[in-house]
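Two complexes are shown next, each including chain A; its partner changes from chain B in the first to chain C in the second.
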Partner chain A sequence: MRVEGSEDVCEAAPLSQQEEWRDVTPIPQDDGKHPICPIAYTDDYREMMDYLRAVMAKEEISERALELTGRVIQANPGHYTVWVYRKRLVEELNADIAGELNWVSSISAMYPKNYQLWHHREALIVRLLDPKQATEGQSETELLRHPVIRRELQFLDNAINEDSKNFHAWSYRQWLVSTYNIWEQELIFVNTMINEDVRNNSAWNQRYFVILQGRNPAQVELDSELVSGEIVYTVENIKFAPNNESPWSYIIGLLLRHAPGKLYTDLLPKIQTLANNKDYSLAMTTTQFYWSALVDIYEQQARELPEQGKALLEKAQSICHNLAIEHDPMHGKYWEFRSTSLSV
Partner chain B sequence: MSHLFSYDFRYDDNVYETETSLKQEEVEESIGRIYYKLVDPHTIVNGGEIDDSGHRLLRIKHEQFVRDALHGLSSGFAVLDASQPWLAFWSLNSLDIMGCDIDPQLRQRAVNTMKQFQAENGGFCGGSRQLPHMAGSFASIMTLVLVGDDETYKVIDREAMYRWMMTMKQPDGSFSMHTGGEVDVRGIYCAMVIASLLNIMTPELIASSADFISRCQTCEGGIGPYPGVEAHGGYTMCGLAALEILGKTDVLNLGRLARWMSSRQLAFEGGFSGRTNKLVDGCYSHWVGGAFALLQKALKRSQSDGYLYDRAALQRYVLACCQDGRMGGLRDKPGKSSDLYHTLYCLSGLSLSQHYMGVNPKELISDNTSVYSVPARMMQWDAMPMGTEILGLRSNMVKPVHPVYGVSLVPLAKCIKYFYSLPPLVVSLV
Partner chain C sequence: MATAELAVDAHVRYFRHCLNMLPAETVSLDATRMTIAQLSLVGLAALGRLEESIPAKQREDMIEWIYAQQIPSGRAEYRGFRGGSLFGPHERCNYPAANCGNVAATYSALCALLLLGDDLARVDRAATIAGIGRLQQESGTFAPHPGTTERDPRFIYCACAVSAILDDWSGVDIDAATKYILSCCCYDGGISQIPFQESHGGLLYCCVASLALMGRLDSLPDRHRTLQWALFRQCGGYQGRINKTADVCYSFWVGASVELLGGRDLVDVSALVSFIQSCETDIGGLSKWPGYRPDPLHSALGIVGFSLCRPDALPRMSPELLLPKTVVERLLRLGFRRSHKLCADA
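And now, the complex of A and B:
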């Protein structure tokens, strides 16, 4: 069996032959007797780890230890123990943070799906630019000119360009944006990403994050105009390709949480207009997402307008029925359930 | 309905191409070729129906694939050097789910290997002499559960485990994965699984955890790693299973959750994706498909109501698209190579779609949030009579697995019985 990306990167002489390491007695890996799933490490990896165990055991704080952690991480970036040790070394040796950042960036390019390097990166950025000081004295425009922030945004642009749905990169962006209060540029970024691929759900999720400015949804009351603006924006994007779950999921989720009344006062007329427009009617009326939205909308309307409640729920039920047999038979069991769960 | 083969079920891009739709189209293309070959020619006049009678689980191939791994892995696996307990868990659990023999010698080797991972101050590490890790602890303990008996459970220093987990606990209810490590819903799931098995669930350990998970539910309905981040299949299973242990699935908006989970099953492929507008992947057969058993109980739906997804379509995806017939093992999707991770989670997803896992309504325990009711509540889960649905050959049937723990029921019951017959753990928290 093989795993990608594990080529050895070392060309130097073995540590055991290096003068610098003569004082260290390597500690071999102890897997016990006849272990299961033993890995046939290369000699180079095994030796690095043996020496690393030795310096870690005596908690050595040295340049050579720092260098060794770098080599190990390059071979295996998932080695969290080594990252923790490296973080301590960087701090206690007062290592050059910018240099460290460069190094982490080079690893990121090789292993975009790794957890540890993003975490390491956060700690470095905080040391380079104290969030409290940065956000107290400066406006967003000023902060965006700061080399640290500029560099981070550039780095993230590259990572997201490489993989537009990179889960770690988007999460890290959330951390950066909320730590340094750079919300306005983020909305612009989100718009750009949605323009590039209107089906990029990570971008839609980020949109919600930006609208809430990272606050707990349960404690946020959204401005009515802002919500209406989101409805307009979303419907405009639905027009590109109505059979796209992301904008539907976004706007229904947002409205159910923050402005349920607007589901039928604001969203409903807009999507109905679209469904009646000859340019969009076919795409609208053949996508399950339109019908599914109507179910949520009518249910909400029934809650708020009790005199029409019965008729609205019946409409919703009949849509569920059609979804189950016609528009979305794969999820038939779900639509049956949705129909019975309709309530005022 | 699911037996009908039709290109109409393919993704409709409304003649507007983007990166997402192009990738989706490519995958549908390769899966369409596989399904098309299964169409029964006699049914073409009616539009074409898929003949599912011939699907065969390649047990011998998969078993060999896993046994080779247990024997030894190539140097390329150094990238998983800090996930060694996982290699063991993926392998042994795959064997167990397929009903393969795990002989006493292999058991002993597994126990010896896990021993090496236990840290002096509690918890298990990703490899010997590494730092203790929540996920490593989960995988080590589940491995011991799989191969264990009363003698081997003693390997686990549960008092130290408890103390260590308390040092990982954050004020907001979440857990750090390791000292100085990342914080997310996985940590809560690992902690709840471990604590519920080892009989070390205390009010202090579980404080605010349900609340943290509820804050991870996004407006889409699924669960993300921590508040704000996109909903994802893996975290959804972790969050929902942790809440089932806590007896608090009702902190979620279950209607939105059901909608999101159901939407993850792709109409043409039959398998699941992990996020909205992402591609099908065999591992989500477990992370999302497997979570429907938990959802069913949370929604108080009965067995006769049936699961909220298409069980046959998922089994078809696993059996027709995820098996690597040449190398053995199971995979993400056609064109990818098999690996231990996908082998386990495809098999586990297959199991959870073959068996209806539920709780006999007559035995339902109402005091569901007390830590004292945990072992009884967890052992209520069982494969329900008349709940089996096997696609293809009858011999494709694999062992039922527990939807919370992801392992078969007998070893789990043995472990719970052992730890709950021990005197309560007395630890000073301060």
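And now, the complex of A and C:
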């Protein structure tokens, strides 16, 4: 019997009444005389745990132990040593990995924010599809058609549809993409996610990951045309909704790291044009992100063009002052501080 | 005092309830009861009501329970404290992976013991520190316990806090841990869980506080931008990520980071206080968002966050260790030397 859904758990007979468990003497919890933060356990949970302690204490490797870990994890996915035990059971019993994946998927639906289950999933995928062999033997396009990869991408689509900012799902997606070196689909995916919700910062963050292809930022030199393309793309999205921190922090961050000169040669004229266009000017000039970007841009320009440094910093200071009193009073004290700390 | 600004009595009752009995639906906390205990105690301490809320006898019982979670023997990497008594019992369990310590539980246990006035004399220091050393990975990050692929700055922080409290850094390769943290710095000035992940207020705290404890805050590539990222999370309360809703736990995670980065005077205190107050619940305790049910984590972190921004109203809290400054001062008298910043503050 494999427990697949929570309804099975409720219907299962107590272990003490099951023939299969007759030979096991349950070990009760030793919580001392005066426990801290005791939990009012249900009878079902208490019994499962008593039997689990018994099989774990003697390191039993059996199908029934595997089933029991499934029931316990379903009730309490934060039980960290049970995951370690289950991983060992799956390996030593040579359990069906596809079945295990189905099980972990059902748990994911119940606990999308549990750390351990994502790590468990990762370990299963590595066993199903060895990354080294997979990436050496097949092209990216072939790998994308591989049933394991297709299934994982589908699973992730569902998880991200369910919660488009699920930190674990995005993290797992980065792991999958970089481990199997499958980058072809990723920018399309990111574009789709940004189109669906231009304020989804997880999607903007994934864009940076894709543009760098997961390489160490300190050692990457980005192609100038690629960077210019990113400026055009980002400004188009800013135009759509100027009061949105995500694209602003993406483009300023990308340029500060990889092409600081383009902050004032390329980005600055584009956003100024937008701010001077009567269709966009109100939305642009009333958002703090536009003004905040100008401060960063002028500061960088002052660094690179020392002969204009003083005038540029004065411009930046006056913007800080306006941010403090008009556009962003919640961070007013910060803007006053920023104004005094502007430097070349 | 804060009685006018926070429903102190109701929160004291709430934390006392948590220490005495948690409802069945909190069973997913079973492996982290040590942390729930730490949070309930620090919540009481931040309200200035710890001593009077817990009679001496109960304090001794609690100390006994915590020490009962210390793994008494076995290889170093399985030692330290476990998260609760659902494992074991020690004498009947020969499978080390089934009954093992966890660096997060060890951190919580040490903080809880200090809050209860214990002098840590019964902590097996050598095993704990050696265990931490075995959990550090080649990349510099830490696993929480053996047998898992989970590893990230949450556990770097726990390892640093334990090393600081026990005043023994021989289990941490500080250069490697620092290097790993810096590899998690994002393009936007924030810090994430693994390289290329999205910036996150909770991970920001783990990384900034670890650097502070290691005396390495100056190694941040652009501290100013990191401070800006943290301050920009304020939208009334603090949000944990860009374009997310404010959540009361970030009053601590982001609030303490701001303080460690030198930006305490730059916060909009009245907006933050109003948000924290809006998360207070009628039955005591705080919920993550206004109008939800309270839980120990959001209750404690909301109140500690309140104390950080209103040190005039509540006992002063240390931003590095989630402990009252008075406890850190006692720790200093116990011989805690390494963290220069703490020494200077106390």
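The rule we apply is simple: the second predicted complex is superposed on the first by the 336 of 344 C-alpha atoms of A that agree within 3 Å, B and C clash if a C-alpha of one lies under 4 Å from a C-alpha of the other, contacts with A are read in each partner's own complex, and residues count from 1 in each chain.
Note that in this section a residue touches a chain if its C-beta (ideal position, glycine included) is under 8 Å from a C-beta of that chain, and two chains touch if they have at least 3 such contacts.
Computed from a prediction, not measured in an experiment: that's the story for all the values here.
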item: Simultaneous placement of chain C and chain B on chain A, clash or fit; value: clash
item: Which of chain B and chain C A:157 touches, first, second, both or neither; value: neither
item: Which superposed partner A:184 touches (first chain B, second chain C, both, neither); value: neither
item: Contacts of A:240 with chain B and chain C, given as first, second, both or neither; value: first
item: Touching partner for A:140 - first (chain B), second (chain C), both, neither; value: neither
item: Touched partner set for A:304, first chain B, second chain C, both or neither; value: neither
item: Touching partner for A:36 - first (chain B), second (chain C), both, neither; value: both
item: First (chain B), second (chain C), both or neither touched by A:58; value: second
item: Contacts of A:78 with chain B and chain C, given as first, second, both or neither; value: both
item: Interface residues of chain A shared between complexes with chain B and chain C; value: 27, 29-42, 45, 49, 53, 56-57, 75-81, 84, 87, 115-116, 119, 165, 167, 170-171, 174, 199-202, 205, 208-209, 212, 214, 216-217, 244-246, 249-250, 253-254, 256-257, 330-334, 337-338, 341
item: Chain B residues within the chain A interface of the complex; value: 1-2, 9, 11-14, 16, 18-21, 68-70, 72-84, 87-88, 91-92, 106, 109-110, 112-113, 115-116, 125-131, 133, 177-182, 215, 218-221, 225, 227-232, 255-256, 258-260, 262-263, 265-267, 270, 275-278, 299, 301, 305-310, 313, 339
item: Complex contacts: residues of chain A adjacent to chain C; value: 27, 29-42, 45, 49, 53, 56-59, 75-81, 83-85, 87-88, 111, 115-116, 119, 122-123, 165, 167, 170-171, 174, 199-202, 205, 208-209, 212, 214, 216-217, 244-246, 249-250, 252-254, 256-257, 330-334, 337-338, 341
item: Residues of chain A defined as touching chain B within the complex; value: 1-6, 27, 29-42, 45, 49, 53, 56-57, 75-81, 84, 87, 115-116, 119, 164-165, 167, 170-171, 174, 178, 196-202, 204-205, 208-209, 212, 214, 216-218, 240-246, 249-250, 253-254, 256-257, 283, 286-287, 292, 328-334, 337-338, 341
item: Chain A-touching residues of chain C, taken from the complex the two chains share; value: 18-24, 26-33, 36-37, 40, 58, 61-62, 64-66, 68, 83, 85-89, 92-95, 97-100, 102, 144-150, 183, 186-189, 193-194, 196-200, 224, 228, 231-232, 234-236, 241-244, 263, 265-268, 271
